[in-house]
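In the part that follows, the structures are each spelled out as structure tokens.
Each of the next two complexes has chain A plus one other chain: chain B in the first, chain C in the second.
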Partner chain A sequence: MSNNLDLSDRRFGYILTAPTVLIITLVILFPICFSLISSFFDYTLINKSFNDFIGIDNYINSFKDEQLFNSIFVTIYFVILVVLLEFILGFFIALLLNSITRFKSIYYFILLLPLLINPIVVGLIWRMFLHPQLGIFNYLLSLINIEPVNWLGDPQMAFITIIFVDIWHQVSFMIILLLAGLSAIPKEPYEAAKSDGANIYECFIHITLPYMRPVIVVTILIRLIFAIKTYDLVYIMTKGGPGDSTDLISYYIYRSAFISLNLGEAAAMSLILLVIIIIITIPLFKYMNRLD
Partner chain B sequence: MKKNIFPSIISQLILLVFVIVWILPTFGLFISSLRDKDLLANSGWWTSLITNEINEIYRTGKQESQFQQDNFYQIKGNFFNNVEGKKISSFGVTSKSINEYFVGEKAILKNGSEIIVFENGDYIWKSKEPFTNKNGKRIFITATSPPKFTLENYKEVLFKEGVGQAFINTLTVAIPSTLIPLIICSFFAYALSWMKFFGRDTLLAIIIASLVVPLQMSLIPLLSIYNDIGALFNIGAKSYPGVWMAHTGFGLASTTFLLRNFIKSLPHEMIEAARVDGANHYNIFTRIILPLSIPAFASIFILQFLWVWNDLLVGLVFLDQVPSEIILTAKLRELLGSRGENWEILTTGAFVSMTVPLAIFFLLQRYFIRGLVAGSVKG
Partner chain C sequence: MKYIKILFLVLTISILSFSSKAVTLNAIMENVPDTHFIKELLPDFTAKTGHEVEMDIMGYGEMHPKMVPSLTSSTGSIDFMPVDFYWVGEFARAGWMMPLDDMIARDGFDTSVYFDSMMKLVGEVEGTTYMLPFYNYAMGLTYRKDLVADPSHQAGFKAKYGMDLKEPTSWDEYMKQVSYFTKNGTEYGVVNQGSKADPIAMEWSNYLYANGGRFHDENWHGELTSDAAKQALKDYIHNLQDHGPVGAASFSFDEAFNVAAQGQAYSYLTYNWFMPSYEDSSQSAVVGKMALAPVPGNGSLNGAWGWAIPTSSPNAEAAWEFIKWVESPEIVAKRALMGGAPTRSDAFSNPEVLAKYPHYDALNRILASAKNFPVFTYTPQFVEVMGTELSKAVIGEKSIDDALATMNSELEALAKKDGVYKN
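On to the complex of A and B.
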């Protein structure tokens, strides 16, 4: 491309860029600065002024807040389990889909359906399915003489249920990306390996996995970012309960901002969350760039 | 060969199981939304798929309806008022033995009269003496009832519960919130991929980094600047322009990211040739890049549209929860609180909210998948 842009070209470049810069500044950068500033003040929805500078008290309070730590732990468990299980299941299904030709598009289409459903409806569907009396799960259990289970009433059970529902809702995201990766692998290495007498598991370990590595990293990275931000699922299904067993951090921050109305502390916690996300994702981003 | 990782039959079987488990919840929701609300409150949705056996009590016609024929006094009629569907298998004349007789059999009563009941609900009651009973005779029947579905719930939800209006509100939010970022990011993505200017790479880094910013963090500061800006132009902070703006900001990161990858992959030679021929960036953008980017636009349009359509948080914060502004997801949330046990309203409302994503997906499946894959998988 020519490096000697004439003046009108350069001006055109700035014109093209201006709207994005304006909106990103307004919608992303400004709020981050605002959060940063308000996190050092006693800033609540009732007292919306920057008069009471309290230094890092909001951060100290956050770190003293046992509930915040609880929700961080819940979130870590949740994210690890969800991403891991969805990845394994998604990879498994993608491999299956990649190995067939018949009915492939029908299966694919049905597996993708949950991705279209908004979280409120997901919560609703599963409340209906897990209903103690009218739900199909307890009905199926009753057929094999098992006592009805209170799926969302028991702390441990509720956590497992949330994970299960999230897998149902989101695994198709993994399937799409991994299947796209699988179908882009060339056939020649497999043919060569086969003529050398490699079996299918050796092929998987030595050909499929190395080829898939970049796709796997990207898929897990994207899913990880979204999993940490999961909020509507618990909002609809459990409200963080019973107790605080499903109190994911995004939901906890939402509550301190919109229910406790302590905006300064909520801002401090969001920034802590942002830092956590960045710390987790930087190695993956770096790895991704190296693969490029 | 990769085709042989799993034998095909086993693959098909495992996939079939997955697919059934995966479609079951959506299917159950759909069936529930078509069921009668009284049934819905008493039985699981799956019971409506099979033919059920029911026991019912009917009365025959009264003595006024009797007529004389072939030396018999007769009362004739149909228990179901000729509504089709139910089939009687047996009947009885006392509550002690409600299925004493098969259809077509003669039941002989104490007073010597006889009753025959037929499968479709027809009955004939014959007697040599005139009938004198005041009410009709009670008949106990055992019948099978076929699955019965109704669109009544949809009528009620769309027009009485305000879901129809919420549907229109959601479209009002979603269409501009999809088009505006698409237009803006197409400019920007072009500039990022083909032009050199000060701060380009920093900008790109900021855009990608903004993918990880939690949504909750931006909402309150945004709302407060809207209050200030809105006051200047005499627009309430909670209004459609506010939502459009918020969605544009939140969507810009991913749309730019995807579109830039696409625009960068367009053939260099064509653009070089155009520049040699003296085309400026404006011409290249409008004559070459835009027409070539239509498939990418379609993908990004679908992703952003679905994201906005299914959003709850932005709609809750940036719009008043009044009938003229409430969006579908917020409406459903409201119904969940106020009509929590009215499953017919909830399931039907839920299915209404899924119609548009389903339609888009059916029509444009290819673009949807291409869009998701574009930013993350090469080749």
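On to the complex of A and C.
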């Protein structure tokens, strides 16, 4: 009797969860499967049919594509720099915010503002600010007799500028998550450490960091995934140029799909990108599990 | 009372019969001045035909991704559409546009009012008329006429080069003027739109044509490694680096325009529809000082949109009614007077239009001689290749020869893929 009840309970559970499972399958698995299938066909915007099976040709073409490799390297540099710099800056600001008691909500609001702005608008605003002749940045520099800077017209400077703007836009995300982690650390360990004569640095190393480790890993993981998919800023600010100095992989895949019209090859590139993301994030997931 | 009842009955029947034929036409339109001018004129169309028009107005980048799903379905949601010349090859090859020849012949619509180059660009594809030209964005030379008319500059230029300072008609004359006006009367001799991909590709095409070059021969064999092409790229890099502002390698057309509109550059080779903006004191410091001319050396690049009816249009006949109305001489003249950029040649000889916009005389000359960009299925892809290679040459990442060789081989590869390349 008891077994029957358990069984019926389980069936009832399956019925209850079925709609969710179905929706998740449709929303997540269907596009991935569709991309996988189309990556094996000559599937273009002009020829939207699965008549021309070409095996792994799209993958071979992708691996032969020097531009794609350039985009992968540009993206790797970009991701390492933005995630690292945003983490250092974000953690520092989160520690400062965690220590203040007055006007906290005002600081939060100001820091959250960039995150609330649409990335397209961020790109347009910064393009105006950085206009070499009419922008405010070069105007301010001219007041102290510094020559106009070629913010987006020089390959190295354009890459640095994109990183700077991304940090301006996204660092708030790091701050919010890290601040949530900091405010959850109990007060007692700090009080005990202080009574034992520990200084701020020792408290940070031996209490704050160990407590924050899971939050740090999750924050970096999420930001890493988002950074790899960055598209809007380069689309608005540089179109991947000058040359291909800021040609991030998401923007390159977009062009393959909607300008070169080659949906099959773009699907193959997207799946290559997915594999890269999985390879990069697996060690972080493993580390997270170890912490649990 | 009896007569009133009869009158009421007749009116009711008329309204019912009118509304049974009337439809609401849907279109995706680009957020440009011409779209808004047409929107203002739509009540006239509705009064004449009973049809309403719903325009979904959006930025250029959003249009193609939003149009394609409707075009590929058997019954789409778009009744008529503007088609950029970039998309003509793709749309024609995919069979997304309805041939208009029968409708044109049936209703006697006169297509001879359009410039030949315009009909070839956004009218006919391989002998079939799929579109009627809508608005043009041919490129021309915009330059400071006040500086050219200045007697001290005229004397200075003559003394330096031994030739008169006037509207430049040859490429060599223009290059001399660019050099002369750099740090002399104005800050820069020229401002370029060097951003990849479309801005630099379109602008450099003018340099190519002005130097006597072309993209390909009749069999689509690439000619981008010619001496003319090499000289065109050399001139472009020279102007951008030696006579233009810092950062021009990243300028799109709006940023380059702002430099010219603030009076910092003698010349800017750009789209003719910037002329009204130069005359708008809210965004220009050079009101009354700019003139438009064909790119010296007959180098002007043509550009235009055409009106087409999708094969999946639910209301093709009503859509044709709209196209006939919007391209009628009266509506085109009204649009021109509002500041639009028509394609019908009769709009450019309209005295009222010429009185209000004197630069239409130059535009008439530009359209009569403008040359087309290669139109085939892979035009957007080729522009992408061009933009990247030209940008690499400008920043010194590639030599002129290497950049042009890549452009040439990619053009031929895409032409072969499209089936237009002939051995």
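Heads up, the rule we're going with is that the second predicted complex is superposed on the first by the 262 of 292 C-alpha atoms of A that agree within 3 Å, B and C clash if a C-alpha of one lies under 4 Å from a C-alpha of the other, contacts with A are read in each partner's own complex, and residues count from 1 in each chain.
Methods note: a contact is a pair of C-beta atoms (placed from the backbone, for glycine too) under 8 Å apart; a residue touches a chain by one contact, two chains touch by 3 or more.
None of the values given here were measured: they were computed from a predicted structure.
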| task | Classify the contacts of A:Leu134 with the two partner chains as first (chain B alone), second (chain C alone), both, or neither. | result | both
| said: Between chain B and chain C, whom does A:Ile259 touch in the aligned arrangement: first, second, both, or neither? | reply: second
| Looking at the overlay, what does A:Ala158 touch: chain B (first), chain C (second), both, or neither? | second
| query | Touching A:Tyr190 in the superposition: chain B (first), chain C (second), both, neither? | reply | first
| message | Going by the contact rule stated at the top, is it chain B or chain C that touches a larger number of residues on chain A? | response | B
| said: In the overlaid three-chain picture, which partner chain does A:Gly13 touch, first (chain B) or second (chain C), both, or neither? | reply: first
| Should A:Gly240 be classified as contacting the first partner (chain B), the second (chain C), both, or neither? | second
| After lining up the shared chain so the two structures overlap, which partner does A:His206 touch, if you call chain B first and chain C second: first, second, both or neither? | neither
| Of all the chain A residues, which ones make contact with chain B and with chain C? | 48, 134
| message | With touch defined as at the start, can you tell me which chain B residues reach chain A in the complex? | response | 1-6, 8, 11-12, 14-16, 18-19, 22-26, 28-29, 32, 43-46, 184-185, 187-188, 190-191, 194-197, 203, 206-207, 209-222, 224-225, 245-246, 248-250, 252-253, 256, 268, 271-272, 275, 280-282, 285, 306, 309-313, 328-329, 332-333, 336, 343, 346-347, 350, 353-354, 357-358, 361, 365, 369, 372-373, 376-379
| Residues of chain A touching chain B in the complex | 1-3, 5-6, 8-10, 12-17, 19-21, 23-24, 26-32, 34-35, 38, 48, 93, 95-100, 102-103, 106-107, 109-114, 116-121, 124-126, 128-129, 134-136, 139, 168, 173, 176-177, 180-182, 184-185, 187, 190-191, 194, 200, 203-204, 208, 214-215, 218-219, 222, 225, 229, 231-232, 236, 250, 253-254, 257, 263, 266-267, 270-271, 273-274, 277-278, 281
| Touching chain C in the complex: which residues of chain A? | 45-46, 48, 67, 127, 131-134, 148-155, 158, 238-245, 255, 258-261
| request: Give every residue of chain C touching chain A within the complex, in rising order. | output: 64-65, 68, 72, 90, 93-94, 194-197, 245-251, 255, 258-259, 262, 264, 377-378, 380-381, 383-384, 387-388, 391-392, 394-395, 397-398
